[in-house]
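Both complexes below contain subunit A, partnered by subunit B and then by subunit C.
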Partner chain A sequence: MTRAIGRRLAQSVPLLLIVPTITFLLAALIPGDVARTIVGANASQAQYEQVRRSLGLNQPLYARYWEWLGQAFHGSLGTSLFWQQPVTSLLNSRLPVTLSLVVGSTAVAAAGGAALGTQAALRAGALGRLIDAISLVGLALPNFFLGLLLIAWFAVTLRLFPATGYVSLIQSPGGWIRSLVLPVVTLAVPGTAVIAKQTRDAMSGILDQPFIRTLRAAGVPRRSIIGRHALRNAAIPVVTVTGLIFVGSLSGTVLVESVFALPGLGGLAVQATSQHDLPLIQGVAVYFTVIVICVNLVVDLAYSWLDPRVRVS
Partner chain B sequence: MNAGPGLALRRGASSRRSFLRRLLRRPVAVVALAFLLALILVCVAAPLVAPYAPGSQDLADVLSGPTSHHVLGTDSLGRDVLSRLIYGGRRSLLSVAEGLAAVLVLGVPLGLAAGFAGGRADRALSRVSDMVLAIPPIIFVLVVVAVVPGNEDAAMLVFGLLGTPAMLRVVRSATLKVREELYITAARLSGLSSPQIVRRHVLPRISGPVIVQASLFAAYALLFETGLAYLGLTVDPSAPTWGGMVAEASAVIEQQEWLLIPSGTLIALTILAFGLLGDAVRDVAVVADDAPDRVRRPVRFRKAAHVAAGDQAHLPAGRQAALLSVRGLSVSRASRECSTLIVDSVSFDAYPGETLGLVGESGCGKSVTALALLRLLSAGLSVTGGRAHWSGRDLLRLPDRSFDELRGSALAYISQEPQASLDPTFTIGSQLAEVIRRHDRVPRPAARARARDLLRQVELPDPERTARAYPHELSGGMAQRVAIALALAGRPELLIADEPTTALDVTVQAEILALLRRLQHETGMALLLITHDWGVLADICDRVIVMYAGQIVEQGVAQELFDGPLHPYTLGLLRSHPSLARPGQRLDALPGRVVPPGAWPAGCRFAVRCRFARDACQAGPVGLAEHGDDRLSRCLRVEQVLEEVSAR
Partner chain C sequence: MTHDLTRWLAFPRRYSAGTPSEPKFLARAAPLAAALMAASLAAGCGGGGASGSSAGPAAGTLTVAVPSAPSSLDPATGQPANETYYDFAYEPLIVQAADGSYRPGLATSWRYGPDNETFAITLRSGVRFSDGTALNAAAVRTWIQHEMQPGEGGATWLGSLKSVDVTGPLTLTLQFSRPAPQLEYVFAQTLGMGMIGSPKAVQAKTLAARTAGAGPYELDASATVPGATYTFSPNPYYWDKAAVHWKKVVLKVIASPTAALQALQTGQVQVAMDQPVTSIPAATKTKLKYVDPLTLLLGLDILDRNGKTDKPLADVRVRQALNYAIDRSALAKVIGAGYGVPIAQMAAPGWDSYSSALARQYPYNPAAARRLLAAAGYPHGFTLSVVSVAAVGQNLLADALAGQLEKVGITMKPSITTSVGAYFQALTSGNYPAATLSFGRLPAAFDYDQLWGPVASFNPFKSASPQLATLDGQLSAASAVQAPAIARQMQAYLVQQAWFVPVVATPLVVLYGQQVTGVSATSARNVVYMTEIRPAS
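Now for the complex of A and B:
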C-alpha cells in the first residue's frame, strides 16, 4: 500500500513541475510589460527598475525559473509584491477557508447526488426527469449568479444566514457553519447534478448484472442489495467523477469566495490578479496543484478500496 | 466485397445532410438553435435594435424595475437594462467565438494527428493533455490577466488553448474509431493521400462529436467569460458586460433584487442553449453511428403483478403431492407499441427430490419460465397469466414481502454465468455469511463457520482460502461451486439451475453435474435443470420437459422420451446430438431456426421446420395431448413419428 502511494506521488512530480512552468511561460511570453503594469504609467523610472529587479525581470527567463524552482524546493514561493509578505504564509492562513468550502461542497454533492441518483435508478419516470431538469438548470446557472440569488433570498429577505463573511471554526463552530451554508450550497449544486446522473447510470447498469439476481434469489433482502451491493459497485465510477467535481469546485472558489467575501485562496487569487501580484498568483497555482494531486491520490485509494480487482497485491 | 466500400464511401455526404434533418426534427435543438441565432442577430444589430444607448443615464429614474419605458428596468445610474444587455452580449459572444476558434484551430488538427499517426506523437500529446486537464484553467488565465489587464481577447485565447486537450481527446478517439473502418482502408488502397482521406472521409464522420464538444465548450466559455467580467478583471468598468451587470446588481441587492434577474437569467439561458444543443447533437450522432440504443430501464423490483388466471391446461393426475405446480404460466414483453407473448401457457409439476429437465434451443422461453417463477424477470417482461402453487400458495400472486421469505429457503437459483453471478467487490466468505445470517439468524462467527462448511460441501479444496478470496480470483468451475454454496445456504426445497455448466470446460462440467447429483441425494431437494445439452439431461434427469417457441411440446419420463420421442422437435434434437445417436445412425442437423416471439403462427409453431407436417398442422392451434402414462405431446402426427422411431 505504502509503495502504491509512493509510486502515485512520484507520478505527480511532472504535474507539479508543469504548472509553474506554464505560468512562467505565460507571464514571459504574453506581449506586455509586467513591471510597467504594476507600477502604472505615471511611475518614475527608478520605481520601474526596482519592480523589474524584484520580479527578476533583469535576468533571463531560464535563470528566473531556475531560481524560483530552487526556492520552491526549499519551501519558499517568494514574496508577495502587494503584501510584502512570504507567499506561503499568506496562502497558509487562507487555506482552511478554501478547504472547508471545497470539502464541504464535495461532500454535500456526493451525498445528495448519490441519494438522488439511486432513487432515480429504482424509480421510473418523474424523478428521473426531475433530476435531468435540475441538472440542466444546475449546470447552466453561473455560480456567482446562484450565490447572489441565495443571498437575496436567504440572507437579505429571510435573514437566515449571513450574506457574506467568514467565521473561523475556533472562533465559533456555529458561526462557522452558518457562514459556510450558502457558499457550500452554491458550489454543491452543479456537482450534485453531475453525481446524481452518474450514480443513476451506474446503478441502472449494476442492477442489470447477474450477481444482483443471484444474491436476490439466495434471499439477500432488497435493502442490502441496493444499499450494500449495488451502491458499492456503482460507487466505483462515481468516485472518479467526485474527484473531478472536487477539482471543479476548487476553481469555483475563485468566484464563490468573491461573491461571499470569504478570505480563501480563490478570493486571494482574484485580488492578486487585480494587483498584478504575480508571485502570489503563482503561489495559488502551486497550492491548487498540490490539492489536485492529493485529491487524485485519495480517489485512487478509494478506488482500490472499493474495487478489489484493481488492488495492488 | 466490392459493394461494401462503395456504399460506405457514399455515406459521408448523405449522412451529413440527414444528420441536420434529424437534428432539426428535435424540438429542443430547434429552440436552442433559434435562441442562439436570434441572440447573435440582435447583438450584432445592437445600434438598430436597442431602445437606448448603453451609457445613456436617466438619474431621475434609477432602479425602476420593469416599466413601459424600460422593459427590463433601469440600473442604479438609470441606464436601460435591456439596451445594456444587448450591447453587452457583443463582448460575451465575441469572447465565446475567440475561445471556440482557438479550440477548433488547435484541437481538431492535433486530435486528427494523434488519432492518425498514433505511436510516440500520440502518447506525448496524451500525456501533456492529461496534465493540463488536471489543473483548473482559471488559475492560468488569472496569470494572463495579471500581466495584460483588460485584454479579454488574450484571456479568451488562452482559455481556448487550455480547452484544447479536451477537444483533442474527443477528436482523437473519434478518429481512431473511423480509421479502422472499411471505407477508409478502401480509400487508402485506391491511392488517396492522407490529407485527402481526412478531408473527404474522416472530417464528415467526426463532425458529430466535434460539434458536441464545441457546444459544451461554448457553454463553459460563456460561464467563464461572464465570471471574469463579474470579477471586474477584463474590461473597463464603463462598458456593459453581462457579468459586470450581475456585479452591479449585487452592489444594490439590499435595495433592489430585481436587477439581478435579467442579466443572470440571460447568461443562464444562453449557457443552457449551448448545452442543450450539444446534448441534441450527441443524441442524433449516437443514432447515426448505429450504436445500440441505450434505453434506460429503471423498473426492477416490481410489485406483484395482477395476474389473470390462465387457462387450466389439462395435466395427468399427479403421483404424489407436487412441490411446485405451474398452471398456464404466460410471460409477455411489453413495449410502448405492443405486448409480445414469450412464454405461452406453460404447465408442469415438480415433485420433491426429483430432477426435472427443461430442454429446448435458445430463445424457446426456458430461462424466462424459470425467472418468472423466481420473480426475477428483467424489466419489460411481466407475467400475464397463470398460477404457480407452492404448498397452498401462489408464487405469482404472493405479496412481495411474503415471497421474499421464500427466496433462498424454498426456491434457490444458480445461473449460467458463474463469475458474473458473484458480487466482485465482496469476498466469497462475506457474501456467503450474509446469506447464511439472513436464513439462520446466527451471529457472525457461526455464519462464518457454516460458510466454511458449505464451501467444503461443494468440494472446494481450501475453504479457508476461498472464503478470503474475491470472485475474480476464482476459476469458472470454482465460482460455480461458490454459487451453488450460496444457493444451498437457505436449505432450499427446489433448486433452479439455468444452464449451470454451459460456460465451463468439459471436464469441469462433469464435476459440477456430479456435485449437483450428490448434493441432491444428500439434501433431498428437487432440481429444475434448464439445459440445451441432451448429454446433461441423459446423465441426471428423471423427467424431461421439451419447450419450443414458448410452449411445452413434449413431456415424459427421461428414459421413455429418449427411447421413443413423441414430437418431431424432440426427435430432431435427439438426432442432432452425437452422444445419443445409436452406432451407425446418421446425424441430422435440425434445419431452420426457432420462430421468434411475435412471429408465431396460429397453427403448430414447429410446422415450418417439420418433416412430418401436413396442411392440418398449420390450420389451428395444436393442443398438448396425453399419450399413455405421464406422456404429453403437442403433435397431430404422433403416430407417424412413432412409426419412424420404431422403424430404425
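Now for the complex of A and C:
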C-alpha cells in the first residue's frame, strides 16, 4: 500500500510542474503589470520605471520563470511582488479558511446528498419526486445568489449568523462554526444536488440487482441489505463524484469568499491576478494543485476500501 | 455535470421492491446535524466580542470595512488612496480639519518663506514613536529623505526639494529650488507625506509590514492577515491619551459593496469606507448614516491634442464639438445614480479651482457640435479610439459617450481593459488618442503636474501650452488667498481649448452606523480622517 501511494505521488510530480508553468504563461499574457498597481495614478513615468526595475520586471519572462523554478525547487515560492511578503506565509494565513470552507461544504454535500439520494431511491411517490425537485433546484441555483439570500434571511433579518467574515477555530470554536455555516451551505447546495442524484441512480441500480433479491430471500435484515450491501456498492461512483465536487468547490470559493468577505485563497487568487502578482498567482496554483493531488489520492484509497476488487497497486 | 443531469431527468427511477428502513448512518446523521446547528446557535446566543459575531463588536472596538488593501503599510511608499490604513498609526505634522483649515499635529507651527521656496517647521516636544524612539528634527529629516528615495511618493509631491536643514532639536527648514505650493496639504494626512515614521524602523526597513508611527495606535501584527484584516491597538507612547477613543481598531477588507453594506446592517462593522452611491438608498432604509463629498470627476481625456494619431483632434473646433455633443445632465443621473453633478470643467463645486462662471459652458447642443465639425472639415464625423477600464464607472461612461457621440456622427470605439494596470499601460502607450478618466480631488496647485502638464501621466503626448505653464508658475508662488483666482484662469483656458470632456462629479460614500460619530467629510476636505471617529455615546 505504501509503495502504491508513493507511486501515485511520484506520478503527480509532473502535474506540479505543468500547472504552474501554464499558469505562469497565462498570467504573463494579462496586459499591465504590478508596478503600475503599486505606484498608482499619481506617479510619474520615472517612478513607475524605478519600481519596475526594483521588482525585476525588466528581466525577460524566461529569466523570471527560471528564477521562480529554482526557488521552488529549494522549497520557496518566492516573494509577493505586491505585498512584498513571502508567498508561503500569505498562503498559509489563508489556507485554513479555504480548507474549512471546502472540506465543510464537501462533507455537508456528501452527507446530505447521500441521505437525500438514498431516500429518493427507497421511497416511492411524492417524497421521491419532492427530493428530485429539491435537488434540481439546488443544482440550478447560482451559489452567489443563494449566498445573498441566506445572508438577507439568516444574517440581516434573523441575526442568527454573521453576514461576513471568518473566525479562526483557535480564536473561538463556536464563532468558527457560526462564521462557516452560511458559506458552507451556499457552497454545498449544488454538490448536494449532484451527489443526491448520483446516489439515487446508483442505489436504484444496485437495488435491482439479483444479489439483493438473494439477500432478501435469505432473510438478511432490510437495514443490513441497504447499509452494508447496497449503499457500499453504490458508493464508488458517489465517491468519484464527491472527489470532483471537492475539486470544483475550490473554484467555487472565489465567489463565495467574495460574497461572505472571507479571507481565503480564492479571494487571494483574484487579488493576485488583478494585481499581476505572478509569484503569488504561481503560489496559489501550486497550493491548489497539491490539494487536488491529495484529494485524488484519498479517492483512490477510498475505492480500495469500498471495493476489495480494486487495488491501489 | 450536464451528463449526470440528463441521466437524472431521463431515468427518474425509484426503489419499489419493499420499503426497507434507513441505513444506520442516516439515522445518526440527523442528530449530528442538529447538534452542530444547536452548537452554532448556542455560540451565537453567547454574543461575545469576536469580530464574526452578529451581536456586534465588544465595546471599545471600532471595525471598519475597507474595499481594498495597500501594498505597503509605509505611508511613504503607499498611495494616498490608502490613507485609512495610515491614519491610525501615523499622526501627520499638520492636521487638516473637516472645514479645510489646518491645525497642529506633530508640528506645533510652520511658516512659508519668500516666494514659497522655504518652509520652516517647529515640532511638538515629548513625542515618541510606537517603538519608543523620540521625535525630533533629525527624525523628520530621515523620514523626508526616505520619502525622496527613487520610486517613493516624495518625488511626486516634493519634487523641487533641495535640502532639509535641521536648525534645532525640534526645528527644521525645507529649501526648494522653485516655489513649492500647498505644503500644509502635503504634510497633512491625505497624502501621507507628513505621517512621520520612526527613523529606527526606516533604517531597519520594516515599515512595509509593521507600523512605527507617532499616532494613537500601532499595528498588532499577530492579529493581522495581510490583505484581509488589519488590527490596531493603542500606542503606549502616544502623546495625547484623550484622543485614543478605541481599545482596538480592526480594518476588514470587504471588496464587495453588498457584503460591506450587510456587514454594516448586522453591526459587524461600524463604518464602511468608499462605497458606491448606489448603496445609499438601501443604507438609509436601515437607518445608517452617510457622508458623500464630491470626490471623483469622470470624463474624457483627449490625449492627442496635436492630432498625431487622430488628426481631427488637433482642431479646437472638433474638441469643442465633442463637448457640445454630450448630454451631461442625463449622464450625471445614470452614472451618478442620482447623486452626481454635471460638470463642464475639471473641478467640482466646492473645489478651489471651481469656477461658477464656467458651469454653463458647453450645454448639450448636438446641432452646434455638427456645425463645428463641419466647419473643421469633418461634416460626417470621424472615428475616435478610446481606452477605458472596467472600474469606477469608467466603462459605463465609455458606453454612454459612444452612444451620444454617434448622434453627431462621431464613431467612438471604446477598448475596455479589465485592470487598472492594463488601462495605464494603454493610456501611457501613445497608441490611444483619448481615454476615459476618473480622478480624485487635489489642490489646484498639483493639477498641472498630475493631469495636464507635460510631465503628467495623463498627458502621454506631452501637450504643452505656454499660457498654462505661466499660470502654473504663478499658482506655485501664490499665497493661499491668491491661488484660487489663478486656478480658475487655468480652468478657463482648458475649457476654451477643450483639452478634456468633463462629464460628471460623483461622490465617494462613507457609510456608518449609529454607534459612531465624527465621520466627517466636506467639500473642503473630502476624505474622512479616521482618528476623528469616536463612540457615539
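Simple rule for what comes next: the second predicted complex is superposed on the first by the 269 of 313 C-alpha atoms of A that agree within 3 Å, B and C clash if a C-alpha of one lies under 4 Å from a C-alpha of the other, contacts with A are read in each partner's own complex, and residues count from 1 in each chain.
FYI, a residue touches a chain if its C-beta (ideal position, glycine included) is under 8 Å from a C-beta of that chain, and two chains touch if they have at least 3 such contacts.
As the structure is a computational prediction, the values presented were derived from the model and not from experiment.
Legend: residue contacts after superposition of the two complexes on their common chain; A:V238 is shown touching neither subunit B nor subunit C. In the superposed pair of complexes, A:G165 makes contact with subunit C only, with no contact to subunit B. With both structures placed on the common chain, the touch criterion links A:L77 to neither subunit B nor subunit C. Contacts of A:L215 after superposition on the shared chain: subunit B is touched, whereas subunit C is not. Using the contact criterion defined above for the overlaid structures, shared-chain residue A:F145 touches subunit B, although it does not reach subunit C. By the document's definition of touching, neither partner reaches A:A202: not subunit B, not subunit C. In the superposed pair of complexes, A:R223 makes contact with subunit C only, with no contact to subunit B. When both complexes are overlaid on chain A, the residue A:P14 reaches subunit B alone and has no touch with subunit C. In the superposition on chain A, A:V185 makes contact with neither subunit B nor subunit C.
On subunit A, the surface patch touched by subunit B in one complex and by subunit C in the other comprises residues 30-32, 34, 37, 120-124, 128, 136, 139, 148, 151-152, 156, 201, 204, 207-208, 213, 216, 222, 258-259, 274, 276.
Contact residues of subunit B toward subunit A in the complex are 128, 131-132, 134-140, 142-149, 151, 154, 158, 219, 223, 226-227, 230-233, 243, 246, 249-250, 253-254, 257, 260, 264, 267-269, 271-272, 275-276, 296-301, 371, 374, 376, 378, 404, 407-409, 411-415, 417, 420-427, 431, 434-435, 438-439, 470, 472, 483, 486-487, 489-490. Contact residues on subunit A toward subunit B in their complex (touch as defined above): 14-15, 18-19, 22-23, 26-27, 30-32, 34, 37, 120-125, 128, 136-137, 139-145, 148-149, 151-152, 156-157, 201, 204, 207-211, 213-222, 224, 228-229, 232-233, 236, 247-248, 250-251, 254-255, 258-259, 269-270, 272-274, 276-278, 281-282, 284-285, 288-289, 292, 296, 306-309.
By the touch criterion stated above, subunit C contacts subunit A in their complex at residues 1, 4-5, 7-8, 11-26, 29, 33, 36-37, 39-44, 46, 48, 50-55, 65, 69, 71-72, 79-81, 150-153, 155-156, 208-209, 225-229, 252-256, 258-260, 262-263, 265-266, 268, 417-426, 428, 439, 450, 455, 457-458.
Within the complex formed with subunit C, the residues of subunit A that make contact are 30-34, 36-48, 50-51, 54, 82-85, 90, 93-94, 111, 114-115, 118-124, 128-129, 132, 135-136, 139, 148, 151-152, 155-156, 159-167, 171-175, 177-179, 181, 194, 197-198, 200-201, 203-204, 207-208, 212-213, 216, 222-223, 225-227, 231, 241, 258-261, 263, 267-268, 271, 274-276.
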